[in-house]
Structure formats: structure tokens, C-alpha cells
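Presented below are the structures under discussion, each in the form of C-alpha cells.
Below, chain A partners chain B and then partners chain C, in two separate complexes.
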Partner chain A sequence: MLEKGKISPRQAGELLFMTIFATVILFVPSIMAEKAGHDAWLAAFAGALAGLPSLGVVVWLGRRYPGQTIFQYCEIILGRLFGKLAGLAYVWFFLHWGAVVVREYGDFLSAAFMPATPLSVFNFSLVLLAAWAVVAGLEAIARMNEFIIFLVVTSLLAILALSVPNWELSFLQPVLAEGLGPVLRGALVSAGWHAEIATMAVLLPYLTRPQHAFTSGAAAVLASGLILTLGVVAAISVFGPDLVAVFKFALHYFVHTINIADFLTRFEAVVMAAWVAGVFIKTAVIYYCAALGLGQVLGLAEYRPVVLPLGVIMGTLSVTLFANVSELASFLSNVWPAYSITLFTLGLPLLLLAGSLLRGRAESNGQKENLNE
Partner chain B sequence: MSKYLLLFLAAVLLLLTGCWSRIEVDKLAIVRCLAIDYLPEASEPYLVTLSVARPAAIPVGDGAGGGGSTATQVFSGTGTSLDLALNNAALSMPRHAYFTHNEVVLIGEEAAKRGLQATVDLVMRFHQLRLTNFLLLVPGIAHDVLLASGRLEAALPQEILGLLERARLSSESDPLEIYHILRQAVTEGQEAHLAVLRLAPPPEQALPEIAAEKQPAGQGAQGGGAGQGAEVAPPPEVLSVNGTAVFRDEMLAGFLAPRETRGYLLLAGRIRRGVLSVPDPLAPGKSVSLGILRGNSKITPRLEAGRLSFLVETELEGDILSQESLENLSTPEMLEKLGTAKAEALKEEMTQTLRRLQEMEADIVGFGTILRRRNPQAFQALAGRWPQVFRNLEVDIQVQAHIRRTGLLSRTVPLQPQ
Partner chain C sequence: MNAFSAIVKKLIKLLPAAGNAKGPEKPLQNNRNSRAEDRRPDSSDLDRRLELVRERLGESGDLVTRVFTSGNGRVRLALLYIDGMVDRKLLSDNVLRPIQDDNPLLRHYKELRPNNALTLIEALVTNVSETATAPDLTQALRRVLSGDTALLVDGEERILILGTRFWAMRAVTEPETESAVRGPREGFTETLRVNTSLLRRRIRHEKLRLETMRIGRRTGTDIILAYIADLVNPRVLAEARQRIAAIDTDAILESGYIEEFIEDSPWSVFPQIEHTERVDKAAAAILEGRLVIMTDNTPIALIVPTFFFQFLQAAEDYYERFFIGIALRMLRLFVMNVALILPAAYVAVITFHQEMLPTPLLLSIAAAREGVPVPAVAEALLMEATFEVLREAGVRLPKTVGQAVSIVGGLVVGDAAIRAGLVSPSMVIIVATTAISTFAIPAFSASISLRLLRFPLIFLAGMMGLYGVIIGLLAILIHLASLQSFGVPYLTPLAHGTARDALKTFARPPWSLATWRPKVLDTPDRRRQAGNMRYRPKPPEERELTHEETGDKDAGKR
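And now, the complex of A and B:
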């Protein structure tokens, strides 16, 4: 067993919440406003619900193979060769995903706050910090997150509450004027992010009470969906859907508009601090999954030796994957949801589920035959 | 041992770090106001003028301005594009231009005629400019406004902000933050409008009484107001915020006078305080001053047999401010009558504004948006030619005005006993 620590279901839920939420709130409102217009808030919530099937599949698998992560039971289901390949594919997924998240972080800081600083400074410093957290283990990340989640959620809710005087709710009308098409296109984006709950497939064996995995995961998805919906409603009622769609970071501009009596104003630094903390947790969780996964697939005694090499790859990828911010934006809105859902967060788990059911039937048939003999 | 030494040296390195590309406060030029002009004849047509807080003047308490015009300094630059002009203006300063405390963006008339697009793009893209900046239009050259010497505050941007704050309480103009203007401009079925900041000639330069009362104390607190209240001693010209610049398709289409602006605010349901005078119902030739305290409007689209029309229902509250005659106006019947007169007068203002907007084909009230929200299909059918539809739009205006109070008098003081 590569990880000896245990986390409570609540801690797991909080970790997964942050894993979804940290980037969702910064990038997704704009993307959804572009796809679904004034109905983006409906899309936000509908998409979040789409995270539940993913969660259901991985939790079912996790309960069927207790004590094992997805890297381990896919070898049982698919056989040694294909299992290892699928495991490696998952390691790649986490690595790629981590690189994309790190890139989002660097691009935001460089565009909104420090345009003269090279991207790699942001990216590598984040990866280094996350590497430290990963070496410290899952328990350390979960405990750190208990503090950070409080910071992120309260600052965000406070910001939303302070913006209420600027709201113009009529921007949300007319509801569903263009039919369901745009809403579904927008929901796919939200679903792409919320299906990331499939990360539960790695954390589940380390829960103190694995039977609560679904409850805590569902709570994470729903909480993220609700806050995202609230954020989208707020952004659209302050700016109108057409303006939100052209923003790169709607939340950042949103914070600009808060001004209570010339006194409660300029909260950008607060939001940035909370957000950086959130992305750190997200990166650490993904990075941890990649490292643990590689360790398990290769059958190492320790996952710690692979942490730094993976970090170097992740940091380098984060700088080189996209030539410019438009490539990143187009990847996030057009490629990422389809790529992550069909392959990793729902597609492959479903395949494993089917494989496991077939194998189960074959085995029980085999047992019956044995009995008959 | 050498391992620990190495570790120690590495740790010491951390003490040598600093902030990346930091600029200390004493190297910053804090820009407070930004003016954009377009000079069609010039080879570098864009002119950007920055009003910068003078560092030496910052610690001095505000309002104390002894010598007057020294709290800010103006820098300008020209260029073939807006950004180049801004860069040149910034380069002409001995310090690093810093924009996050900029609060007002002025756009000159000529630049506005060429459209808001370039200005908006600059403001939104540039990470230092905030969306809560006020965007105002200046008739003529915006640059000149930043040189105005007649003012109450030591710093010109402060003067403008004070005027804006007061203008937001009255109904002569409608100053809005940039994000507010933008959300209006990008919404289908609605056009943008800006408040107008202008240099107003002093009311009566020759009044010796004013010149005699040169002591600065005693008068100050009221500010410039709507263009007449300028008491500061020898100003050539003072600033005033009144009236509205109307845009159509992001291009300047025309102006609304202060009174027409009130009509717009009434139509849009955003009326603030105001004063109007109506004829005295009992004494012909005399008038009564009525105040507008608050009000609201509801706009409903009506589609009957394919004919589109709108119903504007406005409800107002206010009081009697003064009367010229000796008649007793404080009876329920008279207040009712005055209310009707007030409603009539304000309905006329609204109708007049609507007519002017229809001539400009600029739907700044957002009738189109309201239709789109209530009846998306009907709006889709008209969206392509909404300005023309708006031009001939039938709008039924119904105003209800209530006179609630009569001040501290129940009747006027009869100075000549009858």
C-alpha cells in the first residue's frame, strides 16, 4: 500500500469540491455565457448534475474492489497488459489535467496582475509547492484544505453578497427563449468540470468510511454546482450575458464593480489570494493522483521518487502545451469537456464497469459449472 | 559539513529576493482622469490627456488649496492609435504611469462621433483600468476640461467626482460607470448614452457683489450644481455635468438637454429628485413649484392584432416647494389638482424626450430589450430593423403624480392681510 494515511469522507468531499471548484468559478461563467447566453445559469446547474453519474460509476467500482484505486482494479478487470495501459492512460490524464490547471493559474496571474512576469515563474513555483504537498501525503493535503476551503467559500460568498446592489435580474430573461439547444451546449462545459468528481476513484480506498463516498462526493458536486450557479446569476445580472461572454475572467471583473460607499471596494486581492490557495489544492490533488497512480501501475514500493520527475513534466507541459492564451481558451471551451468526459471521467469508468459486470457473470457462471461437476 | 553549508547558502539566497518588476510608490504617477480626443486634421489624430495627482500636493488636506490649480498636473500625448497616444502621454511623465486609481474617462465629441469601440476596448483590455470608471462625454475637446481653473476642489478630478456625485442625486444628467454603459450598449434592443461634462461660462462675470464677497469661507459646501451655482471668485469657466449624449450603434447621434434627460429618467423609471413649476390652479399668471421626490415606471409591450405599442405607467411622489399666490393650496382637492398638473407637465417632458430619441432612432430606454424579454419571438421578427420600428413606435404614457406634503406651512404666509 503506497498510501498509509486515511481521510474522513468529509475531508474527501472537501478535497473534491476544491478540485472541481477552484478553476470552475474563474473560467466557466464566461464560457457558458458564450454558449448559453442568459440561460447560462440553468446550464451551470444542469451540467453539475451530470457529475453524479460519473461519481456513481466510480463509487460502484470502488466498492466492488475495496481497498483498491482505479489504477489497481483496472488490471483486475482488463487483464495485466490492458490494465497497465489503462492505468498509464489515467496517469497521463492526471498529468495533462494538472498541466492545464497550472497553465490556467499562470495565465490568470499574468494577464490580470503581473503582465511582466514570465509564465514559467508562476507555473513552476506552483508545481514546486504542490510537489511538497504531494510528498507530505494525502492527509496533509486534506488538512490544509480544511482551512483553505473556508477561505475560498466565505470570501466568494461575501463577494457575491456585496454585489447584490448592482444586480439587474431582468438580464436573466427571457428564460429558455432559444430553446434547450444552447442550454445543453453550455451544460456540457459545466459537466466537463463537474465530472472531475471521478477523482474519487483514486481517493476512495483511503476513506475511513468508504460507504459514505457517494454522499460526500455528491455533496461536493452539488455544492460546487450551486455556488457556480449563484456566481453565474450574479455575473449575468451585473454585466448582462453578452458582456460576460467576452470577458476572459468574469469573476475578476465582477469584483471590480463592487463598491459599497467607496469603502468596501477593490477586493481583487482577496479574491486572488483565495483563488491561488484554491488552485494550489486542486493542483496538489491532481498531482497526487498522478504520482500515486504511477507508483501503483509500476508496482513501486513508494510513490515519492516519482513526484519530482512528474512535476518537471507537468510544469514543462504547462508552459509548452499552449502557445498563447487563445489556444488555452479554445481548448477549455471546445476540447476539454468532450475529451475528459468521453475518455476519463465517464467513458473509461463505464467500460470498466461493463468489464467488471461481464467478468463477474463469467466467474459466477464458472462457479456454477464447478458446482454442477 | 559542506552539505549543510550549501543548504545554508541556498537559504541565504532567499533573503536576496525582491518583488519582480516592482515600482515603489514614490516612482508612480497616479493618473486620476483620462481624456480622449480625436483631431481629424492632425497627422497623429488621437490625443490622450492625463490628469495626474501631483505628489507634492497629496499630503496636503483636500479643499485647502491656497494657490489653486496645483494639485494635479496635465500630461498629453498624440498618436495614430489610441494606445500609442496613451503610451506617448505616459512616456512624457518623469514617473511610471499608474492607472488603477483612475476614476474618470472623458471622451471628446469628435472621438465619440467616430464611435466608442476603441475607447471601450482600451479600457476593458488594460488590466489597470477599472470598470467602475465613469465615462463622460465632453462637447468639443475633452483636453480643455482638464485645464479648467474655476473650481472648488484643489484637484480637478476631485471636482469632477464631486459634480458626478451630486448629479447622481438630481435628474439633469445620468452619469454611469463604464460597465453600466457597456451592459446597456451590448444588449440587443438598447442603445448607450453618456452623461455630458462641459465647460460652462460663468453666469455673470460682471456682478460686483460676488467679486466683493471674496472670502472663501461660508459659501463652499454646495458645489457647482447645474451650471448656475458657481460662486468661486474669478473663474473663467466652471465645469458642469448636465445633459445626455445619445449614441446609436456606438456612434454619437445627438444630445438631450437637461430637461429632456429628466424625461428620459422618467421613461426609464430611474427618476431622482427634481423641481418643476406648474401654473397655479387658482391664480392665473402665478406659478407653484413642485418637487419630485421619487418615482417609478413600468413599461409593458402590447401586441394587438400584429400592432406593437408600449404602455409606460409612471408613478411619482413629491411635495409643494413654494407658491407665488396667496391662495390656499393645501386642501385635498387642490393637491389632487396640482398632482394632475404635475403629471401633465411631466408627461409632456417624457413625450418630448421620446420624440427626440425617435428622431435619432436611438432606443436608450430599451423598449426593444423589454419586448425581447417579454416576447422573444416578436422581437426576433423586428430585431433587424429595430431603429426604424422604434422611430414610429406608438407609446402610451400614463403619469400619476401624488403631492404628499406641503413643507412646513399649511398655507402661505399672508404678508398683505386680505
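And now, the complex of A and C:
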């Protein structure tokens, strides 16, 4: 066993919530407003529901192979060679995903707060911190998250509540004026993020009560979907859909508009603090999955030796993958959802499930034949 | 039958002889202090043994050997004790006097002879409450060095040990480091026996165990593990025993030595074992299912396992009204954050995020900072360092001089520095607020760790603003989350365990609702008290209405 720690289903749910939510709230509102206009809030929630099938598939797989992560049962289902290749593909996915998240983080910080600071300062400081957390282990990450999730959710709900006086709900009307098409296109983006709940495939064997995996995962998806919907509603009803689509970091500018008694103003740095902590957890979880996965695919006794090399790759990728923030935004809205869903968060797990079911039938048939003989 | 017993006697006589026969063939492997010397044929000879004692202990001024005879000159005896560690009055009145020849009891019994002296004397000195017999000189000397008295009889190998320990000790006083407005005033003292009695008086339960261990090769310090047998988690107990037994060092002069030897991560700034001087706090910990480790010669007892948020709790929380307990705990949580973050946040805001301040405030701060020659980071680091110097100077000095330090350092230098424009008044306010906040944390060991961490945070704030502060705080959080205390996560109960336990970090429950012990401690007996026993006033019974109430004015007349 590479990981000896155990986390409770509640902690797993909270980790997965942060894994989805930390970046969704920053980038997705503007992408969805661009695609779905004033119906973006509908798209947000519909997309969140799309995370459930993904979760269902990996939990089903986890039930069939108790105590094993997706990297391990890959080999049982696909055979040694193809299993290892699929495992490596997943390691790549986590690495790539981690790099994209780190890039989102760095781009946001340098665009919104410290334009003079080079991108790599943000990216590598985050990767370094996350590396430390990964070495500390899954239990430690889960414990940190208990504080950070509180910070993130309360600060977000607080700014949403404080912005209510600025709301102009007529921006949301008319509902479904242009039919379902734009909503579905927007929902695909939200679905791309919420299908990341498939990370459960790695955490599931380390739950103290694996039978609660689906409940806690579903709670994470629905909570994230609800808060995202709320955020989109707030953003659109303050700025209107066109402005939201123009702003890359809608929620950030959103905080600017809050002014309570001329005293509580411009506290986006505080919100930034919570958000940095949230992305840190997200990066730590993804990074952890990549390190653990590589350790399991290579059959190591410890995943810790691969942490630093993976971190160097992740940090470097995060700087070199995109030329600028617009390229990143276009990748996130046009490529990422389709790429991650069809290949990793739903496609490959479905394939594995089908393989496993076929193999199970074949094996039980084989047993019957043996019995007949 | 007689023949058989004779054979047995012969065999018994042969046994030591056989042992001796082996002796010369085997060269002495042990060093000169070898216990083998005790078993020589002259190991019952008084003079030889006294010589041995002198050889082992050397010329020590406080070692007293008093040789005398009794039984009309038939028996030679020697008392061996360390002056200053024994009760001399007890020794002369209740040991020496009963053995004197004119004691009627002694004459009434039989003659005192070398072969019966030990048992007879043990029976005679009834006023010495504790006696024991040591088989050889080595064990007897160990007891003598602890303050007991050894009585050697010429011709008798065994040695009578008399419990005469008595030395000058500090009285039980109010614990200075943890004073309380309401609550018992007794604190632990340096004497272990006094401390155990203080504990016993609070927990009169048969399951209270005081397990003694002795560590320190040269100091031979007594350590006591105090716990309640059916409350303590057996895994934690076994772990503590094992870790303490593994200590092999010269000296244990304070419980801090043990703390460092047995804690999970000695390379951490954070204290992982709580210590206390308060008897009631130690008793409460034991009753919660924890383990208290008491060390001889120090009033500080250790409590394991420890969680971080324990350092924010004071004994008084449980004695005052529970609303006050809730308010105080919230206040301390807030104060902890202030002590850690405030100067760093100030530096970050002043240097990088001026837009966060309301304009009038920003203007007044800017005006005050106008003449300050150094950037805010340097100013903050300088002021914090100055404050630490002042505090340290005040702690080590005698109390009378300490006041002078605070006046000269705090008032004179502080005021002059502001007037001279070396530091800004706002920075002085920030540093002073932070200082007061650190003093509001009940545990000194925790507050000093936070004080230490403030410096890197200020530095990060000066480099990268609030982003740096967050990075620093996240690093601290990673470290805290990876710590454990005796197998229990350090951030329990907020980051681990049940919601009920987590709530106790913010609020101490009213006693009527504190039915369960903390679940994270995993005690065999979780229930603390009967549930639901709050006093509820009975519903008012029907009663006769008074005449005033009915308005019946004529009632009295009737």
C-alpha cells in the first residue's frame, strides 16, 4: 500500500468539492456567459448534474475492485501492457490538469494583483507548497482542507450576500429566449469541470467507509453546482451577461462593486487569500493523484520519490503550455471540457467498466463451464 | 526425614560455594563497581562493607556512617544515611532509642544477636512507617541516595532500609505562570510525593494509577505516569510507556527533557505536549482520559496526547459561567490570529494594497509615515525585535528592576523614537496590539511559537504582500496538519473527529450537556455523567389565591 492513511467520506467529499470548485468559480462564469448569455445560470446547474454519471461510473468500478485505485484495476481489466499504458495516460492527465490549474492560478494573480511579478514566481511557489502537502500525505491534505473549505465557502457566500443590494434581476430575463442550444453549449463547460469528480476513482480505496463514496461525491458535485449557479446569478444580475462575458475573472471585478458604508470596500485581496488557499488544495489533490498513480503504475514502494520530479514537470508545463491568458481562456472554453470528458473523466472509465463487465461475464461463464466439466 | 533435611541443608551450603568456585576461573568482566563484590564471603562483615561504601561514594561530606553496638555489646550496627535528606529527629527518637540496651521491650523479647537482629529491629522501630530489606549493598546504596537510611548489622548480609526521607521543600503555592481568578490556588511543587498526594486528593478513585519509572543514568529521576486505568486509551498508554522507557540519558533535570525525547516531531516549532503547573488542570486531563507525566524536581507536569487548540483553553473556562467560557474561547481564537498575522498584514497593506484602507485612514497613516527613513518591513521587523528584547529583559531580571526596564524601554525609548521620527505611531500601535495579543494566549509555549513565526510572515509580507502572507500561512497549515501527538492528529478536533468535539474549540459546553468525553481520545469509557440532568423547576402547583389577588376585601372580616 502506497498510502496508509484513511480519510472519512465527509473529508473526501470536501476534498472533491474543492477540487471542482476552486477554479470553477473564477473562470467558468465568464465562459458560460459568453456561450449561454443570460441563461448561463441554467447551464451552470445543468452542467453540474452531468458530473453525476461520471461519479457513478467510477464508484461502480471502485465497488468491483475494492481497495484498488483506478491505476491498479486498469491492469486487471486491460491486461498488463495496456493497463500500464492506460495508467500512464491517467498520470499524464493529472499532470496536464495540474499544470493547467497552476497556470490559471498564476495568470489570475499576475493579471489581477501583481502584473509586474513574473508568472513563474506564482506557479512555482504554488507547486512547491503543493509538493510539501503531497509529501505530508492524503490525511494531512484532508485536514488542511477542513479549514480552507470553511474559509472559501464563507468568504464567497459573504460577498454574494453583500452584493445583493446591487442585484438587477431583470438581467436574467427572458428565460430560454434563444432555446436550449446556447444553454447546452454552456452546460458542456460546467460539465467539464464537474466531471472532475472522477478523481474519486483515486481517493475511493482510502475512504474509511467506501460504501458512502457515491453520497459524498454527489454532495460535492451538487454543492459546487449550487454555489456556482448562485455565483453566476449574482454576477449576471450585477453586470449583465455581456459584461460578464468580457471580464475574464468576473467574480474578481464583482468584489469591486461591493461598498458597505464606505468602509468595507476593495477587499478583493481578502477574497484572493481564500481563493489562493482553495486552488492550493485543488493543486495538492491533483498532484497527489499524479504522484500516487505514477508510484502505483511503476510498482514503487513509496510515492514520495516521484513527487519532486513530477512537480518540476508540472511547474514547467504550467509556464510553457500557453503563451498568454487569452490562449488559456480559449483552451478552457473550447478544448478542455471535450478533452477531459471524452478521454478521462467519463470516456475511459466507461470503457473500463464495459471491459470489466464483459470480463466478469466471461469469467463467470468460464466458471460455469468448469463446473459443467 | 532428618537425613533428607540434612542433605538439603548441605546442598544449600554448597550453593554459594559453587558460585565462588566459578569466580576465579572467570576473570572479572564487570568494572570495579561490580556487583560481584557484594557476594564475597565477607559480604556480611561490617567493616569491609563500610570500606566498600567509602570506596564507592568517595569522601562526601554529607555521607554519615554511624557505627554503634547494641545487645550488650554482642551486635555491631551501622547507620548509613545522607545528611540533609533524612529526618534526624525520626532517626534518633524512633530508630536509635528503641535499639538501645535499656529499652524494656528489647530486654523483654530475647537477646539481640547478629542472626536475629534484623527482624527484631524491624519489629521494634514501629514508628518508622516504611521499612524494607535490601539483599545487597548496591540496592541499599540506591535507597540511601534517595534519602532513606540503611541499617547494617555485622554478620548479617541483608540490610534493613528505613524510610526516613525528609528534606527542605517548597510549600504548595499558587502557580505563578497560570493564575486564575476563580479556581483552586494549589500548584505542583518540586517534590513528586507531594504532587501525587495533590492528585490523589482530587481523584479518589481506585482506578487512579501512578506508575513509577526511573530514568536518567546519573540523576536517577523518578517519573510518574498518572492515569485512570479504565479511562486511558491503552494504545496511548503503551506508546507513552515505551517512549519513556527508551530514554537513556545522563540527566533529567526538567520535564522539558522528557517532552523533547518523547514528542512526535522534535523538529517542529510547535509544542506537541502541553504542560501545566495547575493541579486541577492535570486532574481534568486525567479525567478526560489523557495521561499526565510528572517528573521529580519540577513543578511542571506533561499532558499527552495534546491537540493544538488545547493551548487556547484555560482551566477557568470551566469554572466561570459557560457563556463567559464561550466568549473567552472565541476571543482567544481571534487573538491567536492577531498575534500571528497582524504585523504581517499591516506591512502588506501599507506596502502593496493601500487601496484596501479607507482614504482618511490611509492619509493619516501616510502623513505619520512621512519622516520614517526605512520601509515598513524593516520598521516592523525592527520594532518586533525590540519588543522581544524588552520582554526577554523583563523576564530574566529581578521584579524590582523589571519595572525600570519596561519604563525605560517601553515609554521613554518608544516615545522618543516616535518624536524623532524613526518609527511611525501606527507601527507602534500595531506592535503593541500584537504584543498584548500574545500575552492573552494562556499557554506560554504556544504563544512563543507564534511569536517566532511572525518574523518570517512579516518578511514574506514585505516581499510579496498579502500573497506572501497567504503562502506563509499555508506553509504553517501544511506543517500543522502533518503533525501528530501520540498517534492523534495535532489539529484535532477541528480537522479530525466529530462535530461535537469540534464545537468545543469555540465554546465550552455547559456542564449539564457535557455528557461525553472527547471521542477522538477513544477512551474505553466514553460516558462522563448521566445525561439530561439539568435542574428543571417544577411547574407551579395550584395554590390558594391571596385576598389581594382576588380583590375580595371582605374576606378578612368574615
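Observations
The criterion applied here is as follows: the second predicted complex is superposed on the first by the 373 of 373 C-alpha atoms of A that agree within 3 Å, B and C clash if a C-alpha of one lies under 4 Å from a C-alpha of the other, contacts with A are read in each partner's own complex, and residues count from 1 in each chain.
Everything below uses one rule, namely that a residue touches a chain if its C-beta (ideal position, glycine included) is under 8 Å from a C-beta of that chain, and two chains touch if they have at least 3 such contacts.
Treat the numbers as computed from the prediction; the structure is a model and nothing was measured.
In the superposed pair of complexes, A:A219 makes contact with neither chain B nor chain C. Applying the stated contact rule after C-alpha superposition, one finds that A:V319 touches neither chain B nor chain C.
In the superposition on chain A, A:L243 contacts chain B only, with no contact to chain C. In the superposition on chain A, A:E139 makes contact with chain C only, not with chain B.
When the shared chain is aligned, chain B comes close enough to touch A:S170, but chain C does not.
In the superposition on chain A, A:M114 makes contact with both chain B and chain C. In the superposition on chain A, A:L351 contacts neither chain B nor chain C.
Shared contact residues on chain A (touching chain B in one structure, chain C in the other): 113-114, 117, 121, 265. Those residues of chain C lying in contact with chain A across their complex are 352-353, 355-356, 358, 464-467, 469-471, 474-475, 477-478, 481-482, 489, 491, 494-496. Taken in their complex, chain B has these residues touching chain A: 20-21, 124, 127, 130-132, 177, 179, 182-183, 186-188, 372-374, 376.
Chain A contributes residues 111-117, 121, 168, 170-171, 173-174, 177-178, 238-240, 242-243, 246, 253, 256-257, 259, 265 to its touches with chain B in the complex. Chain A makes touch with chain C in their complex at residues 109, 113-114, 117, 121-122, 125, 129, 132-133, 136-137, 139-144, 146-148, 262-263, 265-267, 269, 272-273, 276-277, 280.
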